[in-house]
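Given below, in the form of structure tokens, are the structures.
What follows is a pair of complexes built around chain A, which joins chain B in one and chain C in the other.
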Partner chain A sequence: MNTLTVRHQWAIHCQETWSEWLRLIRIPMFALPTLLFPWMFYAFFGVMFGRGAGNAEYLMVSYGAFGVIGPALFGFGVGVASDRQQGLLQLKRVLPMPMSAYFIAKIGICLMFSVLILLGLACIAVLMGGVRLELGQWLLLMLILLIGTLPFCAMGLFIGLHSNSQSAPAIINLLYLPMAFLSGLWIPVFVLPVILQKIAVVFPAYHLAQLALSVIGKHQGQPLSGHVLILLLYTGIFLLLAGLAWRRLRDR
Partner chain B sequence: MTLVMQDYLYPALMWCCKKAENWTSITNVHAIMSQQQNLQTPSNPPGILAEVSGVKHAFERLAVLNDISLSLKAGQVLAILGPNGAGKTTLVNLMLGVYKPDAGHIQLFGQTPGVLAVRQRIGVMLQQAELADTLKVYELIRQFSAYYQSPLSTPRLLEMAGLEGKAKTRYGKLSGGEKRRVQFAIALAGEPDLLFLDEPTTGLDVQARRSLWRNIRAYAQRGAGVILTTHYLEEADALADQIVVLNQGRMVAAGTPAQIKQRVSLKQVHCRTGLPVAELESHPLIEKLQIETQPNADQDKLIQCTLLTQNAEALLRDLLQRDQALTDLQVTGAGLEEAFLALTETGTSAADTLTDKEQAA
Partner chain C sequence: MSYEKKSRGLAVTPILLVLLIAALVGAIYFMLNSAPSANDGAVTTTSDQLPDNSFSINAVRVFDGQQVLENQTVLVRDGLIAAVGQALEIPADLQSIDGAGKTLLPGLIDSHVHLFGTARQDALRFGVTTAIDLFSDQSKLSDYRASREQLGQQNVADIYSAGSLITAPGGHGTQFGIPIPTLSNAADADAFVAARQAEGSDFIKVVYENGSEYDGSIATLDRATLQAVLAAARQRGLLSIVHVSTLEFAKHALQAGADGLAHVFSDLTADQELLDLARQHNAFVIATLAVQASVAGQSQIDRWLALPAVDQQLSQVQRNSLSSAFPNAYPDVIDTALRSVASLHAAGVRILAGSDAPNPGTAHGIGLHQELWWLTRAGLSPQQALRAATADVADVFGLSDRGRIAAGLRADMVLVEGNPLNDIDATVNIAGVWKNGYRIVRTNQLAAPVQTAAAEKYAANLLADFESNDIGDSQSGWQVTTDQMLGGQSEAVLEKRVEELSGNNAGDNANGYLHVSGQIRSGSMFPWAGAITFVAPEPMAPVDASDIKVLRFRARGQPGDYQLMVFSGGQDNTMPALQQITLGSDWQTHEIDLNKVGGVELKRLKAFAWVAGSGHSEFVFDLDEVELQ
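Let's turn to the complex of A and B:
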């Protein structure tokens, strides 16, 4: 009995994900901004004040990237910080729950929120912005943006392990909002001053947006493998740092 | 949105679970493995659930626990009693496998704490572990029940924890006592053979405390072992078969509630007396002597002192007879803190040991 059966593991992972979903969807402070902000911003800046379907298409993709980064950073960052502070993490560690279920649940809800955000954006884009894409493009876009949340999950985890539930939202907002702007998620990166365009390369959000934009052929033209590599690098570094913090926490 | 999720997503997830069950029909493998486990276990004496021997632990070179030994049989309730900072929670964390002891051994069911097979058989209520505020009571119970091989049913758990009628209330809207009950229900979810309760009633009012005691007692009577920490002597007395008294990381006493109560049912006698210190020190009824002020040569030859005694009446009768000048007399019950202090300073550390085994060791 030193391992659980696969069926039991699967059931625990599903249950944990479901509980996490219920818990977050009932917190208006989390659920409303993460879902509504990308939709609202896109509706205003992408569709109403945007000029033409080209703009609506570009901004649908960049606001998609903006949208999916939110639940990853906040879900992990604030979630882990408060679980740690409440003692819930300590409790789960002594219960017969595989620790993977804890992380899978957090990744799971982040993907669930991301899907909702992207579906909402797509509806606005198609109905109000007149955006038309091939089925393959829609699917590929969705896939890239969903997988692209992982580096930000790792960053969120790192922040969550290094802050408490009061400071975590502030830290994340300080990172998230400037990064979104400087990576060209709110207004296209080529509209930014040249100096800012050069800085943009530093941010993982820029590379995720570029990858997603390549689906509609509107990226800056840097090699795609470079974007992938940098995102992988970010994931690796933050996972490593989070792993060290996790270990320190356990041996404390 | 939530409704849609509740109606469709949850059934879909559960459907996936069932599918996964079909794909991986390794239930047989599991049965074989658990049989093997059963064959491995009897390395420990029958009936002993928890065994702690000679455990030492330190945080950053600060000794937190020193030479702790105890053992627990099935059907027994062990209370670890001590003031704040005595090391109670550290001891529980060691038994749960959160930390490894610096020296000594801990075994639960004959195995190392923290391994999955052990975690499957224990229930835990931590001192500070708040659950998700926005989840309803039955949702929390369902979430935590999922970890166990054969959990008790949710209605049964609600009943055992005295939470009837609260199933659909959100955790955040419950009173302090009810929250502790939910944590208790979760601790019982896997029908554990060994239950750890770290200060289960701290912060509760008398009524809530007493009613939780009833539930704890009811579970212990099913034949499980219970280890609880508390800083209320009353609580240890009400629930435990054995009490271990911890102070500053050391076991200062161990025994049945009656034995412990006798040892800590001390009275404090404050007075000014002209009796010589030597006479007080050797007095058979005085457990401990504290000299507050030395005699002042100018005024009188009286010393101000505090005496700890088991039998205040007999002591007073004797003192008043011997010392006509005795004055400023005041008798108070000794608090648990003073009692612990007296136990520590009389230096009989762990003289009354718990089991024969320990005396042998």
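Let's turn to the complex of A and C:
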């Protein structure tokens, strides 16, 4: 393992990422919904049916959070589950490739999809919704939402290691869609009944959305450090859980 | 990898996991408590402060709708009465109100009104938290229902309504110039009642009146149709209330199965046959003595106008309504009516208190207090009269969430000075009115301008830089104002914020500001939502501010047009002067020359409000450094 040079390492990581990209983009069942749903939902509910630029701006951010969570959960969850079931994971582990390449590739693809989703949303927001933000706000928003995919990557990994390729999409949808709604990603959280607003605090998606909304000053006013802390804790917990599952897999 | 290392890793991981999960639960709990409270229309302040709809009243005499209880504590939590008792432990975080020497009554219920104009506000100012409307515009029925089912802040009385009434073509009720459907024969009765039910009528009001009592002749439902209507109502589970003026027609109505009479008849005194009928059918009678007195030309308005507590609270509309009279007086009416109510009451027939406001000689709100006094003149004790305006009405109309002071009920309450159980006139000495647990702001309607000596006070008050924690202070601070006071559904939330993410142009050292966010919803003719601040320490009290010329403030917001509302003038219901302000996403200082805003009366300046209006849906704006010069 120590014989690989940095250049080799880099090449391997790039190769793995590229093949992962090719794989996913060739599965329309993954690529299309992940990209189109946030765009479509936002265009319908945020721009065409919502009135006023305030809605368009708020919902651009919340659908942005909705958008980036999708590839993280599905890319990791379904990806790992099917790799495992098809034996690809085992194959990759016996290859002389460092295992990090496998994860880096998955994260990289998740980020690529996220960037595409966010760019699409931004185009709709600017062209159809009349949303105007400062350059700094755009960049900060992008940064928060991209980094914010990490806890969901960890969740996806955990689910992927505990389910098979048939059950993973169902499990993820059961988690993803209610969580998106209850976290106020589809309709603003303050429109929800008070009891649901309280429940929202449990979900990591709520905290990601609040962090992102703080860029446009529309968060609910809780301390931002709290949102960051909760997202970090979720990441830690699911990484640990995934680590345990990973070790069991390896020891088998 | 050695086994040793692996086993240590395996041992440590679960512990770490448990720690992380514990931290997560802790963090979520923390965030939950730091979440801004989301009570409808409530002023959001700091996280540890309870909303205004939780408080206690201590050492107070309670009339609970039926009984009198001395030296009680009443706990209100989130708009509901949580407990009533003698030795209650009062949670330390609860704001407490001293009730010594005062009497707490259930929010009063007027059993006979006709809604019009500002009726719902006027009623509430006089402690009438619910009114039974016996004919008005049926298009509002669903609004009434929504309003009375919610527990948020509102400054209007709740309404149960008959909607349109059931009368013959050309009959009583058709003379007001509003086209209403009419019923001409018994065969159509069921369909007609069904139509009222479909419109959302909570009960039906039937007119059975030929005008004979008032030297006239008007078309009326015939007896067969009356019977058919009441049968249909019974079958459909609707309570029926019949308007009659004569003893004979009252008997017909009761025989046909009317649940109650909208007035006591006034041609003849109740005879034994009628008393038997009423008892047998367990019918109720809404006495409406105040309006009968007015018909008799004996409304005795000066009695009430002489009470300062009444005089101060009468709006011009109420004053006009009180002082007007019916064109012809029928002097015998009131004595007959009083005698009938006395014998009905003695016979055990349930009497309800209803004012029939805004008929001449009555007015919304005060009318029920007039009626309570008249009921005592008919021989009811003050306690019996008060029951007729609280628990008895709730029982008759099946209002299970109101009409009493008891745990679990809506905190609709009136606190009065003294003891109305000894002296019924004490009901007008109102110390506080709560609707859904929120205290109603009762403005002195006659308020003279505060003298200039107080000028420094208001200047200091209004000058707000949002550095100190003062926005939720209900006395002098900032409050939410929305179209909910006119039946709209817009919302706003105020929040003191400190500049944090964007470092650019935060102002010198001053970085606290007022953050106003909300939602404009359709449902009101003039939708608005935003923040209001009063010039005087007391809300909406006028201040002589003729030495002031300029209002200056810094603001930014979601770019667009907003309104500055300037409230001034002697009357409560004066429309505010409006000044359009355009906000951008950066802070900008605005200077408003108050002399140039049309309709501002600086001698009686009351309040400023910054609001978003009909062009908005969801909106956000920030205010800072508000000052008068």
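The rule is simple: the second predicted complex is superposed on the first by the 250 of 252 C-alpha atoms of A that agree within 3 Å, B and C clash if a C-alpha of one lies under 4 Å from a C-alpha of the other, contacts with A are read in each partner's own complex, and residues count from 1 in each chain.
As a working rule, contacts are C-beta pairs under 8 Å (C-beta built on N, C-alpha and C of every residue); 3 or more make two chains touch, one makes a residue touch a chain.
Only a predicted model underlies this, so the values are computations on that prediction, with no experimental measurement involved.
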Fit or clash between chain C and chain B when superposed on chain A: fit
Which superposed partner A:Leu127 touches (first chain B, second chain C, both, neither): neither
First (chain B), second (chain C), both or neither touched by A:Phe190: second
Chain B, chain C and vertex chain A (Cα centres) - angle in steps of 10°: 150
Chain B versus chain C as contact partner of A:Leu249, first or second or both or neither: neither
Which of chain B and chain C A:Thr5 touches, first, second, both or neither: first
Partner chain(s) touched by A:Ile237 [first = chain B, second = chain C, both, neither]: second
Touching partner for A:Ile25 - first (chain B), second (chain C), both, neither: first
Which of chain B and chain C A:Val201 touches, first, second, both or neither: second
Overlay on shared chain A, then closest C-alpha pair between chain B and chain C (Å): 11
On chain A, positions contacted by chain B and by chain C: none
Chain B contact footprint on chain A (complex, rising order): 1-8, 10-12, 14-19, 21-27, 86-88, 90-91, 93-97, 116, 251
Complex contacts: residues of chain B adjacent to chain A: 1-2, 5, 9-10, 13-14, 16-17, 20-21, 24, 26-27, 29-30, 33-34, 37, 96-99, 114-117, 119-120, 122, 124, 126-132, 134-135, 139-140, 142-144, 146-149, 170, 190
Contact footprint of chain A on chain C as seen in their complex: 6, 9-10, 13, 16-17, 20-21, 23-24, 27-28, 30-32, 34-36, 38-39, 493, 495, 497, 500-501, 515, 517, 519, 558-560, 615-620
Sites on chain A touched by chain C in the complex: 50-55, 57-58, 188, 190-191, 194, 197-198, 201-202, 207, 214-215, 217-218, 220-224, 226-227, 229-230, 233-234, 236-237, 240-241, 243-244, 247
